[in-house]
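Next, two complexes with chain A in common: one pairs it with chain B, the other with chain C.
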Partner chain A sequence: MTTPIAPVAEPTTTPLIPPSQHRWAEVIHRLEAGGSMLPDTPENLMQIIGIYKAYAVPMDFYWRDLLYIAEQVFLDPLPAFKYFPSQEYLDLPNSYAGDQSQLRIWRGGEKAHPELLEFMAKGETTQMPKLLHHLWHDRINMEFAEACMQAMLWHQNMGGRFNDYLASDAYRNNADRAIKAYFKRNPVMLGLYKLFPEMFLEKVKQLSYTANLGLFWEVMAPVFFEMSDIYDEGGFKGVPDAMDFLVNGIFAVAGRPIYHHAFIDGECFEIIPKSEGFTWLYEAALPYVEAVFYRTSPFRGTKSYNAQAGQVPADQADFHYGILYADVFPVGSAGIPPTLLMQDMLHFLPSYLKELYRKHERGEEDQLIQLGVTFQRSMYNVTSAVIQALRAALLYPLDDTDPEHLLANRRFFEAQMDRFLRPEARLGAIQSQDYR
Partner chain B sequence: MATILETAQAAGCFSTLLTAVEVAGLRSALEGPGPFTVFAPVDDAFAALPPGTVQTLVDNPPQLARILKYHVLSGACLRADLTTQPEWTSLEGAPVAIRRSEPFEVKNSTVVQADIVCDNGIVHVINRVILPG
Partner chain C sequence: MAPSFLLLLLLLPLAGTLLLPLLPGADPVRVRSLAALAAAGQLLVGLLCWRQAPADLHLPWVPKLGLELELGLDGLSLPLVLLTALLTLVAILSAPADQSRPRLFFSLMLATNLGVMGAFLARNALLFVLAFELVLIPTTLLVAIWGRERRAGAAIRFLLFGAVSGLSLLAGVLAFGWLNAKGLGFGFDDLAQADLSPSAQRWILALLLLGFGLKLPIVPLHGWQPLTYGQAPTPVVMLLGGAVSKLGAYGLLRFGVGFLPDTWAAWSPWIAAAGALSAVYGALNAIAQSDIRRLMAYSSLGHMGLLVLALAAATPLSLQGAVAQILAHGLIVALLFACVGLIERRTGTTSIPELSGLLNPLRGLPFTLGMLLLALMAAAGIPGLAGFPAELLVFEGSWTVFPRATLVSLIASGFTAVYAVRLFNRVGFGRLDNDRAHWQSTRWSERAPALLLTLLVIGAGLWPTALTGWSEATTRSLALRSQPFLYASAPLTTAALTATPLTTVAVAPELLPS
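Coming up: the complex of A and B.
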């Protein structure tokens, strides 16, 4: 006798909350399903991973040199050699990558990446002393890294407590000790410090943001290298996998200390001590995304803005000159599109991306623009990871069954998408593969 | 009656929290007279965080202390007190939102057991680690 099989209940497909009516409802529903703002296609995956690799190599230089400037060059009045990090900083082991690290989360990271060292030696031209490479501008464009730091310094007040601390008496005292120690054999500079103390303090604040950005990118470089390795090994089934890797990375190092130490005559001056409790997530990553991906500032270049005609927002929070809004076409301008970074990435493109660019548009002739669009796609994916990480940290799981919770998630996603309602946003463009 | 930490010790489901309090150097503060209101995440709440999250914090006590202080209010507040206003300032400095009174929700966590009265304050057991922001 056979046991009668109970009828299987049809799985309910009724959503717990009604569909979004937002202009970017399709993207919001994708985020609610665990996806990214960037559509999940094999080509998008290939593009973003390829550009992460090309970004990671110069970034490995940026973070080392930023820390070198903040910690060693410090207040050098004529910092002609600030883009020449010492061997010690090129050999600096990564704090979170490689077996030598204090907490191994990612691979590699024992010292500067071999592709970076090779480029530093040869550049686009040939092997020659690094001073000649520098003067010929055949080198990594550190000016891009400094522009990002300046965006963070200028916008300030983007969450976290970093900026509040820079305005505190404790910071002023720490900076004062370091300034006096640095110029102890230079009476002229000490005299100037007496006359213009705020100017010196402002310069130290800039160096504190330089350290902040260096510590931020120290983490991002091995993340991007490892994503490239995983892709080359056949990992990552799609764009959401790549985004989830970033989300997990954000959580893993969220508590990394953000600090500013300056080394003067071998003595460590703790201008921002680790004991202040500043973290990678709150004091570096979130302000970075806000200042660099969204805001930055209008730039001098092929396109000009007229502030009197209202072409520049009165409120800094409304600035929208970051990569998420950039018109990538006018290559050569000084700010966004980040031409200097695009040129840096051009040197380290994986072969599959070079192949892709050859097949489209004008082939090699406009690959700087094509890789700029790829970079834009990849940064929409990084921003998606930040949005999903914030949702996970502050709100509810995507598979939550409480409609109130799902509505809270919905309101959060819609508020994030409101920032892409302005016409300059490229969110619509990246939905299509034809945007190149 | 027992102190907040003794109560947590006896419950047996707060071993991660207790270790974190020790590492962050907050033990003596939480053994003081207070009173405090502590939102205590259970071990499963810490385990649900992505790999590495807790370890990075444990390696950096000042940063860990900051996150833990977000789980503590000054003063002894029962559930009935907490639900009288939408948010409370934590010892970390950032506000902790009381999102719902039924079920009782603090920030994005649900209170699985409220109003555990101790010598030096009140403990509310929560199912998720809460983060400022």
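Coming up: the complex of A and C.
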């Protein structure tokens, strides 16, 4: 007779907190497990890394030209050539790439990316003078970068102290010195400045945001280049790896100073000095994500929303016209989605992404839409990194054993996901691989 | 040119009709190519006939009944023969590459062509009726077998209306022959010279109006049209709207205006009123439709109203306008349905509320929508496109005779722009649905038929003589009323295209303004 063996209970891990009842509970649980809002699939990984690479190349131009505009073009009343950065700015060493960098993120060179230089020379057409490339619109679309800057300027109060500083006397005095120095040989403009000082000050504020965004993207370009290189070497195992790299990158450069210097007749005017202590994470990255990924504006491009019909929220904080909500389909009919950026990225798609697009929908014919959807996925991943970084900075580790702490994390994640409850949000769409 | 060329115009589709079902294998593309070859051959022969008019063909068939194989071409029938050949070719090429039961389908398409072509070539009324009736069988089968979900109802309704149309036409033609005091004869020459009592003329015209009015159709005889146009497969509806319905217009012009001028002139105010009513009714209903095909059906009804108005006025200019309208509408309606067919093939629907954003350059159907826009503009009578000269001639030719009916029709014509803009705004603009827009773009081979029609619509708009030149002499001789100042100030000088006119009756009744 054999003694019946009692079944051995398998060790189970009891969750410390009950499951979320939020509509996006599945995504919240994924975030709590250290994942991203974007599902972890090999194709998603391929898509986001590929598009980061395609994004990084024009971004390498954006940041150089933005700094050129903020520092050199400055208050030029007829800035017809502001999209023609000088060689000095094209050769400007990136602070996070090259041998000279203090914190090297990308293993590549510090000057403008070779693919960018090649495109600037030839464009989609052929080798011809820069002006013809510009007029033919065969170039990098700086208009996109400026639109992002304008979104940041327009929304303003999105955390950090940067915007408050723009209203301070210190800033006004610094700007005043720079304005007077810039127009010292132009009595007409000086006269106008006396008549309409606020107009000039507003323009300088815009240039300060231009510098802000340039400095933000100076960091992001090498991050994306490095991610692409790591992926090409087989380094990332999944979407969470890519997100973690971004989170680590964010923390690595979080303290990078944000400033605005203008160079007038060789003299540097510190309109926002580094000594003010503005940092990359709080004064650039978070406002950028909020203004560009979430909000932007309802009346850019040819598609306008009707405020009288209630299509535009009364509170700017409720704006939802960013890439996380964008309908990628009406290409060319809306400032949302970022059609100009999509056009720029199209020039630098890695071969594996082109191959992927060829297999789906209309193949090469609608690559622009497919890459727009990919960009949307990738920005959900970047936003996930920002959410995780904020959680790490403000709340508790994911492996914390205190249920109270985990509940605090839960409330934070749920609050973030509340922003995707509105029907325009594409969070649901990106959960499916069929969304292309 | 030998009269055998006329016979060839019938033998080519007949050969296709008989031989296609016997083909081994059923590769749709191959069968479609062979059917298109027959239609293209017919078009080629038609063009040769245009270059050099063939002599009339007279072959006895059943002489005791007065039935003879009398074929001929004149300024009225030649453009319609070419239109029918062209639209048959285009309709066949518009069929999908994976057409189900292709041998039977294309055989029936060619049979339809045979009937329509026979009617246009016929110079004998009984032969005309025979051909007219022949059309009904293949078209009913085409609707019944390959139509959409309500095809059975559509086919039955089409058959019933068609049968009544055919029977009344047969009765009218038989009465024409039997009551002719000059003796039995069904040749067009006999009918043109017929000696009928006024009462007999009235009865015969009533029967003819019923028969042809059902075929056109015209309000209140249009009951079959919206359902049939909505349910028939695209190539069939292209042929139905572009060529088959023109049998009614041709019949009214040939038999009504041509052979019964006095009665026609006496009844013309009522006929004009019916035309104006059709124009308004069609346009208003088109505005209210939520399905593109039904919208097109009502639009077609409205445009047939303009045609009837022009026939009622029966001035040289209005009759020229009527022929131009027949040709222009044939091209435009075929183009409209070709575009709608492409939209339906890709999106799977023609429901207006379900479609939007199709102009999206990357995921929509911008090329097809572009052609659709052009077709809608042509239908609305935008200058530079085929619809404009036709409608201009209709209105200019009719307003001196029936100013009120013309004004009403003019307003109705303006409604075309309303439903055209409404349709295009809803279907072309707006948001493309992410969940549905997974279709492929149309291929050039699919676009080609519509593209050909587009070029013709533009060409006819830029060179209106292409619409009017054919029939100038014939319509002038058929005119029942003069149009003094227009005609005198701008005499028509273009040489007649073809043989002598069929009728010489041009007496304006004293009771009517002239």
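Points to keep in mind about this one:
The criterion applied here is as follows: the second predicted complex is superposed on the first by the 415 of 436 C-alpha atoms of A that agree within 3 Å, B and C clash if a C-alpha of one lies under 4 Å from a C-alpha of the other, contacts with A are read in each partner's own complex, and residues count from 1 in each chain.
Throughout what follows, contacts are C-beta pairs under 8 Å (C-beta built on N, C-alpha and C of every residue); 3 or more make two chains touch, one makes a residue touch a chain.
Every value quoted in this text rests on a predicted model; they were computed, and no experiment measured them.
Under the clash rule set out above, the superposition-derived model of chain A with chain B and chain C shows the two partners fitting side by side. Legend: residue contacts after superposition of the two complexes on their common chain; A:154 is shown touching neither chain B nor chain C. Legend: residue contacts after superposition of the two complexes on their common chain; A:362 is shown touching chain C, with no touch to chain B. Touching more residues of chain A than its counterpart among chain B and chain C is B. In the superposition on chain A, contact is made by A:390 with chain B only, not with chain C. By the touch criterion defined above, A:84 lies against neither chain B nor chain C after alignment on the C-alpha atoms of chain A.
Shortest separation of chain B and chain C in the overlay equals 38 Å (C-alpha atoms, whole Å).
Interface of chain B with chain A (complex): residues 49-53, 55-57, 59-60, 62-67, 93, 99-100, 107-108, 131-133.
Chain contact summary for the complex, chain A toward chain C: residues 327-333, 361-362, 365-366, 368-369, 429, 435.
Considering their complex, residues 357, 360-363, 431-434, 437-438, 440-441 of chain C touch chain A. Only residues 102-103, 105, 159, 161, 247-248, 251-257, 274-279, 282, 390, 393-396, 404-405, 408 of chain A touch chain B when the two sit together in their complex.
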